[in-house]
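Take a look at these structures.
Each of the next two complexes has chain A plus one other chain: chain B in the first, chain C in the second.
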Partner chain A sequence: MRLNLKLKVKFKEFPGYLNDWVHTFRGALTVVLLILMFLLPFGNQSPYVLGIFITFMIYTIFAASWDFLAGIVGQVSFGHAMFLGVSGYVTAYLIKYMSLPWWISLLFGAIIAVIFGLIVGVPALRLKGPYLALGTLSMSLIMYQLFLMGSMAIWWEGLFGTQLFGAEGVSGIPRLSPDPMVEYLITFIIMCLSLFVLTHLAKSNLGTIFKAIRDDETGTSASGINTTKYKIIAFMISSFFAGVGGALFVMHFRGVNPGIYQPLYSFYAIIIAALGGLTTISGSALGAFVFIFINEILKFVKDIPLIEHSPIGPLMEPLFIFSIFLILVIRFAEHGLLQPALERFKEVYDIILGR
Partner chain B sequence: MIEDILNFLILGSIQGSIYALLALGFSLVYGVGGILNQAHGAFYLITAYIFFWFYRNLAGIGLVVGIIVGLIAVTVIGGLVYILLVRPLKDSHVGVVIVTFAFAFFMEQVVKVVVDSLYHGMPYLIEGYFDFFGVNVYYHYILIVVSSLSILTFVILIINKSKVGKSIRAVAQDSEAAELMGINVDRILAYTLMISGFLAGVAAILYVPMDIVAPHIGWGILINSFSIVVLGGLGSLSGSILGAFIISYANAFTNFVLRMPEFSALIPVIVIVIMLIARPRGLLGKKEID
Partner chain C sequence: MGVLLEVKNLTKKYSGLTAVNDFSFEVNRGEFTGLIGPNGAGKTTLFNLISGFEKPNSGTIRFDGRDITGMKPHKIVNLGIARTFQLVRSFRFMTLLDNISVSCLSPRGKKLSKEYGIDESASSILGAVGLVDKARIPPIILPHGDLRKLQIGKALGTNPQLLLLDEPFSGLSHEEQRGITDLIVKLHDDGVTVFMTGHVLRELMNLVPRAIAMHQGKYITEGPPEEVARNKIVLEAYLGKGSEDLA
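What follows is the complex of A and B.
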C-alpha cells in the first residue's frame, strides 16, 4: 500500500524527479556515461573492442552482486564464483542439450543459482564475518573438485548420455547473437537493469533492514527483525544477479569448464568492487572498467620487445599486478580508488556550475 | 586386507601429525588475536617453494640450506604479515580477511613468476624403508611423526609454561586487560603469527616430499586447516589436534579402505557443513562462533 503510494508520487513528479536527478553530479555523470556506452557500437563495430566491453559489463554485473552482499548486507563471500559457475553450467547445458533459447536458459540458470544460494546460505549463514568468507571459499573449492571428478562424469554420461562433469566441461555454445553489436546492446540492457534493481533495492525499505544488519546485527535482531531470514533473502538476491552474470559469461566465452569455480573469479569480484569502492553498487562499473582496461594494457605492454626481455617482463602478469593492487587498496584506501577521485571531480564540477 | 588397514593406520597418522601442526598454528592465531588468517596456506606454499628452489639449485647441501632458509623466511614473513597487513586493519575483521586473502593470492602469483607453474616432486629426507607385515614403511614416515609430535609438544610447552606463553594466554583471555597489565599486545600477536608460520613451514618441509610442489597447494591446506578447526572448536588448541587426527583418518579411510580417493577431497566441506548444523562450537570448543 505504502509502496504503491510512493510509486504514485514518484510517477506524478516523473519528469521533475528525473530532471532533478540529472542535475545532480552523480546523475549527470551516469547519464553521460550510459549514453556514451549506448552509442559505442554505432561508432565502432570491431568485434575486439565490443568483446572487451561485453566482458566489462559481465564483470560489472558479477561484481555488483558481490558488492550488494558484502557492502550493503555485510556478508563477505569468498566463494561467489560458485553462483557464477552453477548458473553458467545450467545455462550451457540447457542451450546445448535442450536447445532452449538463450533468454529462457539465462533465466533458468539464474533461478537455479538462487536455489543453490538458498541451499548454501542456510548452513553458511550460521557463520559470521570472516567465517562466512572461509566457509563459502571452501564450498566453491568443493564445487570445483566435484565438477572435475572423472567418476562423476562417467556416472552422468551413463545416466543422461550427455557430457557435463569432467575437465572438458561443456563447450560449443552459440553466442547471444552472431552479431557482436546485438550482443553488446542486449548485455548493455541487462547490465543497466541489474544495476538499477540492485541500487534501488539498496535504497528501499528492504535495503534499510540490510544496512541495519550490516551495522549492528545484535541490535537489529533485538528490534524484532528475523536477521537470518533477511540474510538468506540477501544471499538469494545476490546469487540471482551473480547467476545472470554467469549465464552471460558462459555465452560470451562460448563454453564452461570447472575452472569457473576457482577462487580466481571470486577474487575478480572482490578486486573490482574494492577498486570501485565498497557499498557503492554502481561503483563496480567503474571498477570493472579500470580492471578490464589495465588487463588489456598489460597485454600490450607484455608484448613490447624491450619489456618482454627485461627482468620485469614476467612481472607483467595481470594477476600479479592486481593482487598487489588489492593489498594496497584494502590497506591504504578504504573507500576504494574511484570514490575519492569522483569526489575531487565533483568539486571541479561544482566550481564550473558556480555552486 | 590387512595391508589396506595398515596403510590406513600409517598414512592416517602421518597426515594427522602434519595437519595437527597446521591446525594448531591456525587455531592459535585465531584464539589469541581473533585473526582469521587466510594466508595460512601461503605460509606452507612459501616454505615449500624455498625448500624446492634450494634443492634444485644447490646440489648436495641444498636440502639442509633449504630447510634452514625456508623456516627462517616463513617465520619472518609471519611477523611481517602481522606488522604490515594485519595490525593496521585490526579493527575491521573483514579487512583482515580480504587483505590476507589478497596476500595468499599474491604469493601464488610470486611463485608462478619466480619458479614456474608446473608440478614438482621432492625426494624423501631420509632414504630407505623396512617391511612391516607386507607394507613398506619409509624411514621418512617415522621422521615425520617423531619430529612433528616433538615440535607440537615443544610449542604446547612454550604456551603453557614459559613467560611468553603466559602473556599469550593472557591476551587470548582478555586483550584489553592484558594491555593494562603492561603486556605488549602487538608483540604477542606478532609472535603468534610467527609461531603459526613456523609450524606451517615445518609441516611443508616434512610433507612436501610425499606430496607435490605446485602453486595452488596453499588453498587445499587452508581449507583443510579451517575444517579441522571448525571440527575441533575455533580457538581450542587440543581440539585442533584431535580434529586433525579425525579428519586424517577419515581421509585415509576413504583412500585405502573404501578405495575412493576422489571423494577424500569432499571430506572437509562435509565436515564443515555437518558441524555447522549440528554443533557450531566444535568438539572441544567452549563458545559459539561469533
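What follows is the complex of A and C.
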C-alpha cells in the first residue's frame, strides 16, 4: 500500500525528480557516463573494443551482486561463482538443446540460480563470518567437481541423450545477437537495470533491515526482525543478479565448462567490488572497468617481445599484478576507488561551475 | 491489572555453574518493578531467558497467558516484550533514524507505524527519547548517555507492552542518569510495564515501588525497596557477612 503510494508520488513528480537528481553532482556524472557508454558503439564498432566493454559490464553485474550480499547484508561469500555457473549451465542448456530464445533462457537461468541460492542459503546461513565464507567456498568446489565428473556425464547422456556434465561442458552457444553493437546495447541495458534495482533495494526499507543485520545481527533480532528470513531473501536477490551475470557471461563466451565454478571467478567478484569500494554497489562498475582494462593492457604488454623475454616477463601475469594492485588499494584507499575518485571529480566540477 | 509476566521455577545451568536457580516471580500489568542483586547474581541471564536469547534447562515463562519458553527472540519481541542490553548495541553505520526504523519495520512495529509511515513514527520515537536533533548522524559518535536513550528508542519502536531494561544506568553520569530516569518514568506513565535491573541499590530505591532481590541465581525476597534493602541476605550479598551493624 505504502510503497504503492510512494511510487505514485515519485511517478507524478518524475520529471522534477529526475531534474533535481541530474543537477546533483552524482546524478550529473552518472548521466554523462551513461550517455557516453550508450554512444560508444555508434562511434566505434570494432568487435574487439565492444567485446572488452561487454565483458566489463558482465563483471559489473556479477561483482555488484556480490557487493550487495557482502557490503549491504554483511554475508561474505567466497563461492559466488556457483551462482554464475548454475545459471550459465541452465542458460547454455536451454539455448542449445531446447532452442529457446536467449531472453527466456536468461530469465530461467537466473530463476534457477535463485532456487539454487535458496537451497544453498538455508544451510549456509547458519554459518557466520569466516565459516560462511569457507562454507560457500567449499560448496562452489563441490559444484566444480560434480560438473567435472566423467561418471555424471555418462549418466546424464544415457538419461537425456545430451551433453551437460564433463570437462567439455556445453559449447557452441550463439551470442545474444550476431551484431556486437546489439549485444553491447542489450548488455548495457541489463547492467543499468541491475545496478538500478540493487542500489534502490539498498536504500529501501528492506535495505535498512539488511544493513541492520550487517551491523549487529543479535540487535536486529532484538528489534523483532526474523534475521534468518531476511538473510535468505538477500541471498536470493544476490543469486538472481549473479545468475543474470552468468547467463550473459556464457552467451558472450559462447560456451560453458566446469571451470566457471572455480574460486577464481568468486575472487574476481571480490577484487572488483573491493577496487570499487565495498557497500557502494555502483562502485563495482568502476572496479570492473579498472580490472578489465588493466587485464587487457597486461595481455598487450606481455606480448611485447622485449618484455616477454626479459626477466620480468613471467611477472606480467594479470593475477600477480592485480594482487599487488589490490594490496596498494587496500593500504592507501581502503574505501575503494569510487569515493576518492568522486571527490576529486567533484572538486573539478565545482571549479568549472565556479562554485 | 492481572499478571503480565509469570516466571516459574526457571533454571539455567552452564557447565558447573547454576546461573539461575529455580527462580519464580510475577510482574503485573502496568507495574514498575526492579530486579536487584550484586554483580554476577544472574540478572542478565534471567533477562536473556525471558527475551529468548538463551533457553532455560527447566521451568516456564508465561507472557500474557501464553507460554513463551524457548521461543525465538524475534517472536517474543513481536508478542510485546522488548529489551535493552547492558552493553549498548547499535547499528553503527546507520543513522539514528534508521536505527529506530528497523524496530518500526518489525511485524509488531509496522502495525503501529502503518498510519503515519515508518520515517514519521521513527522520528516521533526519536523525539520521545530526546534525540530528534541527531536523527541524521550515526551512533558511533554519540556519547554514552545518548546511546542508552537510543537503546530505549529501539525497544519502543516495536511498541512493547513489557519493557525489560538491563542496567539502564551503568556507566552514566548523574546528569545523564536523571535524563534516563525521567524518560523511564514517563514511559511507565504512558502505560508500559517496566521491569529493570540494577546492581546499585540507591538508583533503584527512589524509582521503583517494588523490588525483587536475586543472589547467586536464587530468589531472595521482594517488596518495597526499603524493606528489601534491610533483608539480611541482601545485605550480606552486597556487603559481606556480619555487616548488618554497618547498615
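Everything that follows uses one rule, which is that the second predicted complex is superposed on the first by the 347 of 355 C-alpha atoms of A that agree within 3 Å, B and C clash if a C-alpha of one lies under 4 Å from a C-alpha of the other, contacts with A are read in each partner's own complex, and residues count from 1 in each chain.
Note that in this section contacts are C-beta pairs under 8 Å (C-beta built on N, C-alpha and C of every residue); 3 or more make two chains touch, one makes a residue touch a chain.
These numbers come from a predicted model, not from an experiment.
Counting residues of chain A touched by each partner, chain B versus chain C, the larger count belongs to B. Judged by the touch definition given at the top, the superposed model places A:V170 against neither chain B nor chain C.
When the shared chain is aligned, chain B comes close enough to touch A:F78, but chain C does not. In the superposed pair of complexes, A:L137 makes contact with chain B only, with no contact to chain C.
Contacts of A:A274 after superposition: chain B is touched, whereas chain C is not reached. Shared-chain residue A:T220: touches chain C; no touch with chain B.
No residue of chain A lies at the contact with chain B in one complex and also at the contact with chain C in the other. Against chain A, in their complex, chain B makes its touches with residues 36, 38, 84-85, 88-89, 93-99, 101-103, 105-106, 109-110, 112-113, 219-220, 222-223, 226-227, 234, 262, 265-266, 268-269, 272-273, 276-277, 280, 289-290. Residues 2, 205, 208-209, 211-212, 214-216, 218-227 of chain A are the ones touching chain C in the complex. On the chain C side of its complex with chain A, the touching residues are 51, 53, 72-74, 77-78, 82-83, 85, 89-94, 98-99, 101-103, 105-109, 114, 117-118, 154-155, 157-158. Residues 70, 74, 76, 78, 123-124, 126-131, 133-135, 137-139, 141-142, 145-146, 149-151, 263, 267, 270, 274, 314-315, 317, 319-320, 323-324, 326-327, 330-331, 334 of chain A touch chain B in their complex.
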